[in-house]
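Order of writing sets the chain letters: A, B, C and D. Residues in each chain are counted from 1.
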Amino acid sequence: MASSHKLKILNDPIYGFITIPSERIFNIIEHPYFQRLRRISQMGMSFLVYPGAHHTRFHHAIGCVHLMQKAVQVLRYKGVEISEAEEEALQIAILLHDIGHGPFSHAMEHSIVEGIDHERISLLFMEEMNKEFNQNLTLALQIFKGNYKRRFLYQLITSQLDMDRLDYLKRDSFYTGVAEGNINSQRLITMLNVVDDNLVIEEKGIYSVEKFLVARRLMYWQVYLHKTSLVAEQLIIRVLKRAKELVAGGVKLPCSSALAYFLDNKIGPSNFTHKTLGIFARLDDYDIISAMKDWQYEEDYVLSNLCRMIINRDLLKVKIKKKKPSREKLQKRLLELQQRMGISEKEAGYFVFSGEVTNTAYKSENDNINILHKNGKISDVAKTSDQLNLKALSKTVVKYYICYPKPKN
Amino acid sequence: MASSHKLKILNDPIYGFITIPSERIFNIIEHPYFQRLRRISQMGMSFLVYPGAHHTRFHHAIGCVHLMQKAVQVLRYKGVEISEAEEEALQIAILLHDIGHGPFSHAMEHSIVEGIDHERISLLFMEEMNKEFNQNLTLALQIFKGNYKRRFLYQLITSQLDMDRLDYLKRDSFYTGVAEGNINSQRLITMLNVVDDNLVIEEKGIYSVEKFLVARRLMYWQVYLHKTSLVAEQLIIRVLKRAKELVAGGVKLPCSSALAYFLDNKIGPSNFTHKTLGIFARLDDYDIISAMKDWQYEEDYVLSNLCRMIINRDLLKVKIKKKKPSREKLQKRLLELQQRMGISEKEAGYFVFSGEVTNTAYKSENDNINILHKNGKISDVAKTSDQLNLKALSKTVVKYYICYPKPKN
Amino acid sequence: MASSHKLKILNDPIYGFITIPSERIFNIIEHPYFQRLRRISQMGMSFLVYPGAHHTRFHHAIGCVHLMQKAVQVLRYKGVEISEAEEEALQIAILLHDIGHGPFSHAMEHSIVEGIDHERISLLFMEEMNKEFNQNLTLALQIFKGNYKRRFLYQLITSQLDMDRLDYLKRDSFYTGVAEGNINSQRLITMLNVVDDNLVIEEKGIYSVEKFLVARRLMYWQVYLHKTSLVAEQLIIRVLKRAKELVAGGVKLPCSSALAYFLDNKIGPSNFTHKTLGIFARLDDYDIISAMKDWQYEEDYVLSNLCRMIINRDLLKVKIKKKKPSREKLQKRLLELQQRMGISEKEAGYFVFSGEVTNTAYKSENDNINILHKNGKISDVAKTSDQLNLKALSKTVVKYYICYPKPKN
Amino acid sequence: MASSHKLKILNDPIYGFITIPSERIFNIIEHPYFQRLRRISQMGMSFLVYPGAHHTRFHHAIGCVHLMQKAVQVLRYKGVEISEAEEEALQIAILLHDIGHGPFSHAMEHSIVEGIDHERISLLFMEEMNKEFNQNLTLALQIFKGNYKRRFLYQLITSQLDMDRLDYLKRDSFYTGVAEGNINSQRLITMLNVVDDNLVIEEKGIYSVEKFLVARRLMYWQVYLHKTSLVAEQLIIRVLKRAKELVAGGVKLPCSSALAYFLDNKIGPSNFTHKTLGIFARLDDYDIISAMKDWQYEEDYVLSNLCRMIINRDLLKVKIKKKKPSREKLQKRLLELQQRMGISEKEAGYFVFSGEVTNTAYKSENDNINILHKNGKISDVAKTSDQLNLKALSKTVVKYYICYPKPKN
């Protein structure tokens, strides 16, 4: 009988089965830092719109490893040499590319910490884990940072067709049930090749690339920037901001010890120490949601109302417009709320606000998607397609939102 | 233009779209009691084995309403009369059938509360909501309790082929990625009919019923009773039990105010008051997981270790056997742990224990699945199939588990 | 027990189940004219590229009826009134919209018959069947011809978002396995509404429309105009043309009696009589393929070689270019073949030829897709989208092909 | 750039993409003998019940190659050594395992040829092709015939869990839309292993095996032995038998030259020569269907009526019973028809007849499915399962059918 100790296979609703490629990858997955990702939702508050969207960063990261295995297989089949060490490094790099995400990541980066993004924190985690794993993550780190000599390996991790996007667009489309956002990751990977150390797509894949970009744009407007998710995210930012204000003013708010640390201290790139990393590693969606659940019953009008809105999904009204809303309109709504509730302008500002969202389906300036023609020539996909579509998809679209309390009936 | 105010459609990865059938149903969904179900996982800790299994009781309940719409449509098409009022009552009853579930329900019922199950609590919620909704839930309640004159309506809510099972088996199979547990709810519903006020399956659906029962059994052994989910659930029971002991002994444990109430008080059927219901309504997965996250750092050896095991998915070893493990074997392991860690026998008992699980795919004693033959006769499915299968599926299977700490390397 | 006589349900790999809505529809399906569609492939010779593409016009027509049921349901739900009679007429019209297709339709229209297209023949069939069905198809005919007072009913049958396209794009994508061509028919139908007697799409469906158009374009280039299907179709045209030439010259070719009729006679709009219709109704893919199988062994160099190429899938070489191939190049290849095989220029012309193909994803001149905005305004989708995409998709793209024998090794 | 000449990838609706593993396999596929399979339906006349079931033996054979690639990959991963030569031989053997099928195979074997089955003809084709391919198919032939030393290779081609079944059950379920017949081929393959040169299934796959057998049984009763397919097949057998009788009696029937050969000659194992093989290779569904289309207009009452029934799907009435129909009943119907139509008893016997069908989901006598337990022991799956199911599935079930003309209205 053939032995198969430690051969791990995971069920995945999307790919069927995912094989964990090596014992080292398996051990990284077992690490508490990585297990934490089980408690961080991939799509933040989007489940308020799409009730199926409860998948986690844990699942996404493992899905990326699966696609990376396929990509390496395809490239090798086409004659691109990739060593065993490079392959494992690619898998580790993609597995850990998002490990620095905090709960409700985009909200966090503007409230809990300041001036430090999740990419930077991912790097800190990876360096920390590299020590624990006897420097066996060094090559992965090099590739991840873009310091490794072979550029296309980096592009498999970070580019407009990287394994990250190929998994998350597919996964988010799957779990939200927005079938039209579904992309054919399998086909795109089948079309990959390498020319002059750059990742390219073979010519016959050009319509697939276009379809991918259209799907991506659709997912942005219909899902990621859906007005309900948007307002929920804005509310969380304001909850955390208000909580910090109150704490700074001496109010004692019930919450987990990890969250308390970030409410009590102003953390930025300069003081994100080894200790901070340890506390950050204890923070996940559960700290934030639990805190909000208890804060519903706090005395502060702003904090308790914001929390109730999120917990009971009784959100602010939100409108999306092509034009920037006028200052006057906003002022009028602010004043109205102040008078109705007897609160200050600053307090009212937590419930009446505006902002903008932007979306570019294809970024053509740098890091573009290159098409490999049958005659061996390479060209930017936006200049290759037979119509104006891709040029159109390169344009940045800006929209504006305005939020305010629902009118009373 | 045709107006369509309040016409709500939800995306669902399984059914495509779900239409919320009426404004009343929509308002029930908006109620905080129902929104709470967004924070209660359908499958407890199963995500530790199946990383996709993060779907909620909220999603399941709405899925049931979808299937109920289909069932009513099919039955009416076949000439079974169902009034508008009965239809809405069916939808409300199935929507709320699980509203009494607490977090990690099965664990809860043996620790947080005692002697009161989720069906009973569902009823309390429904009665409470009936008041808020001006007695408009009365017919739903009647059907739910089995008091309504037309029996087949009750069977659509509770029987071996009810909409609850047709949704959760399909949904759990979908989110776990255990494709073999997938059942053809659409086909089974298409085969429904009513004879003498009883729900029956038309003859040509007999193999579908058999396939449904086999899938159900497979889901039990492979998913619901998977040894890792099983040990995780057992650990949560013990975490809560230990927490109650410590609290009773005067230890102050950090946790949400709602959870604190249930740790401080012994709640059973006799003292589950209106106030209790209000506090219970604030309790969800987030209270339990957050508490365990903080309790990892408590002094008590038992509590902190149990919590760490769950949070970092570094669980006890578990073995499933066809025979009951001997008392001696268990004693030996207990003693070993006591000596190794210097703890009492009682403390060691939190980490070394055994139990049994049972599974009956088809219950033939009462509430059986009836087949309607072309000649108009009715028979129990287990007596109709051309082979011994269904008789076999009616047998209860018992297995035994034993849990103990992993050996140190 | 509820009776359900003549309640017919069909399995469909795409929609799960299709319900035949009425006994009349069922009887039309049973008619030999309609049963003939079981023997006419929806995608002609595309199975030479996509081995799964063997689905028939029969299956497609029934799929359309299914979507029509959904569309009527959605529109009624939104308050659009559609009478029972109109509903059945819509179903009949869409069921029969393609009944005039001959085998390898596009090839046929340029060889077997001349100057008469399948729409015209569909009408002849429908008129004939109307007699047999006691004038009960009259309203369906009116709608089909665009003569009925309510315009949106016609648009459900024929427009850029008609049920025909919503089924065939989905179905062809499904059976070819070109997953990226998959469209979300369900969602598009859910977004339908009627304003001023015109079919419109609600605003939130705009990205779905765009995705539909991009998918459509992809299907054209990747599937319908795939170079291998294209050359196979061109070869069939030439087989039939050559056969007619030979027959006209007195050669006796083995074939079915129905095919013989069309080889012997020159049939156009002026002499397509009642009798012709009867013989046409006996013609399907089997006549053509069987004839070609036997004609492989005919003496004529041109005919036998063309047939062998198709039957054994050993086709001409084909190149697709953005520029028109030069006359000289073509002449050179022609001469080469003449000399190599010792055949005449005319004969060589059967194996060396060029042509063009065009594709417009969205036709904006007339019959455009209209978007219904939240404020009640209507606008052409191509002028609504936030980017240039849809304008781009309105441009007609022309490509050129050249075919010639494979070089000998 | 990496070169990838002759790297062929096919779209498949089921597996996404299928990679043709080598140039030799590609060349075998290109051979006219193999291309012929494009014109032989996998499921005979089942499309009369399931309109999607038009997939071909060509597609199935290529699907088998795909699964074989997966199986080899899994086994090697588990340490089972399989040489490059063995791998290719496995792929060739499974690709060609069905090449001897004629049109409507089961009907053919009782009418067109006598006493020679498709397995035998497959072998003749393979031997013929081995010559053309310079003896490079020798190892494939050895494995196919069961003469190769390593038994498990043969079991991958022919056993109760061979790649043939794993593809056709999945494929037939997919194209018919009978979703409940869907099997998890991927999972079953993942569970394969080899012990003592025998293919086994690892213990945790036991419920998957059971589910596979239940699905198989369901497919038999619901699809393969569906009464409409059954009667259509019986009618084709009778069409061919009658045609042979008429030809023997001097009647000249229009048909293809290949079919004419088999009507004129009585072909069995003793006179199935090299020349016969060549003519057989020209025979496919098109010869039979085309002939029947023309024979609708023949004078002979029996032949013309049988053909019309099939072509217009206006079949005999058929009943399936658990008990053998009585001789008297049959006689009565026979007599009735004789008198009504004024035909002889022999002629009437073409329209009134009975027979039996049998089905055994699992054959336990020989060639059983073996389970590999965690402790290394092997046992027959029917003795391993925790219930009586599999024992039940081993029982042969017999049913009886009776066919006769529909009553006149």
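Here is the rule we go by: a residue touches a chain if its C-beta (ideal position, glycine included) is under 8 Å from a C-beta of that chain, and two chains touch if they have at least 3 such contacts.
All values reported here derive from a predicted model rather than from experimental measurement.
> By label order, what chains touch subunit A and subunit B together?
C, D
> Which one of the chains is farthest from subunit A, going by Cα centres?
With centres defined by C-alpha atoms, farthest from subunit A sits D.
> For subunit C and subunit D, let me know how many angstrom lie between their CA-based centres, rounded off.
The mean C-alpha positions of subunit C and subunit D differ by 31 Å.
> Which integer distance in Å separates the CA centroid of subunit B from that of subunit D?
Whole-Å distance between the two chain centres: 44.
> Distance between subunit A and subunit D based on Cα centroids, please, to the nearest Å.
Chain centroid spacing, subunit A to subunit D, equals 50 Å.
> If I count partner chains per residue in subunit A, which residues reach a count of at least 2?
Residues 16-17, 179, 187 of subunit A touch two or more partner chains.
> Applying the document's contact rule, which stretches of subunit C touch subunit D when the two form their complex?
Residues in contact with subunit D: 10-14, 16-17, 30, 32, 35, 38-39, 47-48, 50-52, 54-56, 58-59, 62, 174-179, 254, 256-258, 282, 284, 286-287, 289-290, 293-294, 297, 311-314.
> Could you please specify the touching residues of subunit C with respect to subunit A in the complex?
So the residues of subunit C in touch with subunit A come to 179-180, 182, 184, 187, 207-208, 210-211, 214-215, 217-218, 221-222, 322, 386-389, 391-393, 395, 397.
> State the interface residues of subunit D toward subunit A in the complex, per the touch definition above.
Within the complex, subunit D touches subunit A at residues 1-4, 7, 9, 16-17, 75, 77-80, 186-187, 190, 193-195, 372, 376.
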